[in-house]
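Below are two complexes that have chain A in common, paired first with chain B and then with chain C.
Then we have the complex of A and B:
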């Protein structure tokens, strides 16, 4: 009885649209248990940013970090990759659009993680970490879309055989491949940007992966800077952070532009040690307001970073 | 000919009072949570909540969900909820179930005071199982989910079909660029489906659904295109609130109510912390009072 009814339904459905996958109807309870079991928080290695994110990069969500050049976006990406692999969450896929991936910086982070290990153990740990970070260069949006489709197909057909699974996908920076194609009256570029967004969110949710993307800044009204990629991109990431230079030569600021969970402007204070000197405030679009918190850090690391090209 | 007396034609079928009581019992008024509280909505209304990014539209939806899934009364405690099922179509794929559970937990704790953990869990479980969720990654996914929903309602399926009162769509404009580009490229799969007809099919499906089962539809729409305003509209208080409409005409005529949300420049102080506030403005039907609200951990509150 059920079969004939279903056949009848499918035949009514088929002329208009072909459903290419099962769309599950989940109740709130099932959603909640899936989130609690599968969607964990991945550490970025920078406790201040983890605090702002509510625990870290969340699997199943797309996090965006925007900021002007040399504000530390690539450092956040490299630090996240190192810490995630070091704590055995899984593998990391690093899509590099501007040749900013630096194995030297990864080894600096590993040194800071395990300062007291003897040299051989440090070497082995560095080897293990490096072998779990896959770095791939993409230089245009077509290659990016291709690669993301390929990643999705591979993930669908791979069975976990006891080895590590992909858990973090970093695209540094997604704006440098999207920005050249958008703008103007033609809607093709916007369509490709929207497709990248849908693909990233689908990969993140279906396969329990945290996606971290970076974005640069462009000039906005009244001479202020605003994140690139326009109004349509704002609807794509779950969480958006803004990094910017402070007035001092050692200071940077991190502000939250959008968050799914921490909607109020109250942030918990943490006495935290961080590799950089950062202070936090909560942003309302482009003007900085709210509570500020100074955190002391290691200025040597920041000076080293400042000499890297970003 | 003899039976059809002329007086029969002008004899009334029911009095106005009878009609009013029939209509009100079939489609009762709903006063939803703020900021939608200004107008008494009824089932079969379609409300479009528009606003730029970061204007708390999805929070308004979550607030409405909590209002609908709470029971009217439970173990002697009045909750004032609608005790009905809710289906959420997530086209934006950005729904966070932890936020829903956070607001629900706060509401239950506030109303109940201290109840035992088991009772709390049972109530929480009851409420969360009235919430149904579907993710759609394209317009055709959305269309097939709508068809499946109407099929389940016709079958009076216990899990999905019965007791449904609220339908939420997060971001009707999510696939705007993809659909528009497909339309221009003339892409179609199988038979001739242009995305224009895809939008029409979606609205048609929603319309059929509303006829099958009286529902309240809340849909958010991201305002993507800001229009240029002439100088007389720019004052110190209001910002430019005019946005260009990009949804097709068939959707625009389907919508019965419109409200626009906007993040405000001013910051209100709540205790020691400054909090961002939002303004809401009913566009259709036009109400002259603008509400201001804030979003806290436990929901949306008017100020």
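Then we have the complex of A and C:
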């Protein structure tokens, strides 16, 4: 594939795009190299959860943590905020809907990070880390949408001005502002939920930010619990984890509900694999000699097929 | 910030957009005369447009060093604020200790328990303790008591206030000069006058009171505690549509969160328990279901441990789960060891 051929291909496909607009077409190789170089994993500070996530919170993706009350969702958020700032990935913005952001708890996490440092260095590192975590309270969905729009606008300008850049956006919990508006006779609530979802994903993708949201549980059939916000929300986060606390002890368990790269524990295997099978089988077929145009929403993730053909 | 948000006249805006200037950056390096020629407008109008652009960009860049969005506070500033914050004592020292000093302001705390365990007693105790003057280690604020069941008794509040004043005078020597002036304020009638009482009889009244609270709290800026006893009572029987009940309660809890943050006060919600069938056995859980369980910042469960009353912290973002025993005495809520305290030698 030569560069001139690529340019021809691109120009033939997009004759109507104005010169100022950036062409959105990327080849698979460009996407893969962008993923490997730019989309880092942000640490949550909890090894088990990092392992389940495949390394940590992925930049450019929305991760959801669901769980019943006091299963540790806020603690995962606070721990992620601390570890991400400590490793100098950038700033963290914490949107808090239940006044659960605890600066005291963050200072406990910071003190656990480097226990062997002398006291003065610990003080300065505490101040540096905590000055890079911003917290804002949100109490209804309109304020949330407003804030997210503002964040998006500011990010477009910050890129040119430099300085410490936002790398992790936490919304704890997104379900408590969305749940009061969905359901009922009219569908405006569902539209607003979809707007929030699209906005979060766009902020994540365009500015290379990891987004972490928490969700609570509601009763399903047979008395079991299921994550709130219903079926329509399920498609919005890229990765969904379910926390549950162990009875009687402090140990909890985490389950992967949905992951773009891993097989989930609960979904039917056929459902996930069928998408990949169709895609790769077109590439492998010897009589197909053209290119494949994959129009992805946002869940296009990189996974090399097990049996590579040449 | 796009061209569409600039404060310029609509005709010039449409001309800009039709010529392809869609973002502020495209206008950043253009001279006024060139712009006037492009848009076929007068030179003064082009100057106005460019001035509006530069105003917007400079105000934006002035905001950015302060934070990614206006109103966001760094965790470091919040930490110093939090360390100066006083907490509301519950009367029981063990319980205060596991709570990290007492009930926190700016947070919503839910207290649940079986009938007869002492929830209303704890509510009245908190309404009295919030009024302890600052010189004696309290907040010196007033309380709002929203009663849904009718369990608030003024005589009991009188008793508890008397017990509280007695203990304060016992703890602090009364002949010290700086305490003489505030000692006059330690009258039981003052304490009772500092509790604003609302009696509500239906869920619509409850929703109305919570909506009205914002105005009330703006007028009475010294209120530091809002107690709702009990928040679930009217929502358990009359609601046919459970989904609507969940939505209404979700909206209520968000409003209470906002009030506690805005007015820097503590909100305490008292809740009843119900039985739930899980894992093959009946267990006691708080009423209103799983969807309500995330609507508070902290949760304390009061339960019987043999013959003893115990308080267990079930949910908190800043303190670990722990349990502490307490007593309900004639003077109010007290700890186990307070009976054995020696009288101070005057």
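Here is the rule we use: the second predicted complex is superposed on the first by the 236 of 310 C-alpha atoms of A that agree within 3 Å, B and C clash if a C-alpha of one lies under 4 Å from a C-alpha of the other, contacts with A are read in each partner's own complex, and residues count from 1 in each chain.
One rule holds for everything that comes next: a residue touches a chain if its C-beta (ideal position, glycine included) is under 8 Å from a C-beta of that chain, and two chains touch if they have at least 3 such contacts.
As the structure is a computational prediction, the values presented were derived from the model and not from experiment.
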| item | value |
| --- | --- |
| When both partners are placed on the shared chain, which of chain B and chain C touches more of chain A | C |
| First, second, both or neither for A:28, with chain B first and chain C second | first |
| Which superposed partner A:157 touches (first chain B, second chain C, both, neither) | second |
| Touching both chain C and chain B, counted on chain A across the two superposed complexes | 18 |
| In the complex with chain B, residue positions of chain A that touch it | 5, 9, 12-13, 15-19, 23-29, 31-32, 35, 187-188, 190-191, 193-195, 198, 201-202, 205, 231-232, 234-235, 238, 257-258, 260-261, 263-266, 284-285, 289-291 |
| Footprint of chain A on chain C - complex, ascending | 1, 20, 22, 25-26, 57, 60-61, 63-65, 67-76, 78-79, 82, 100, 106-108, 243-244, 246-248, 250-251, 253-255, 257-258, 260-261, 277-278, 289-291, 293-297, 299, 314-315, 317-318 |
| Of chain A, residues touching chain C in the complex | 18, 20, 68-70, 74-75, 78, 91, 93, 97-107, 126-127, 130-137, 139-140, 147, 150-151, 153-155, 157-158, 160-161, 163, 166, 173, 175-177, 179-181, 183-184, 216-219, 223, 225, 228 |
| Chain B residues touching chain A - in the complex, by the definition given at the top | 52-54, 56, 59, 69, 92-94, 96-102, 125, 127-138, 140-141, 143-145, 147-148, 151, 155, 159-160, 171, 174-178, 180-182, 184, 189-191, 193, 201, 222, 224-226, 263, 265, 267, 273-276, 295-297 |
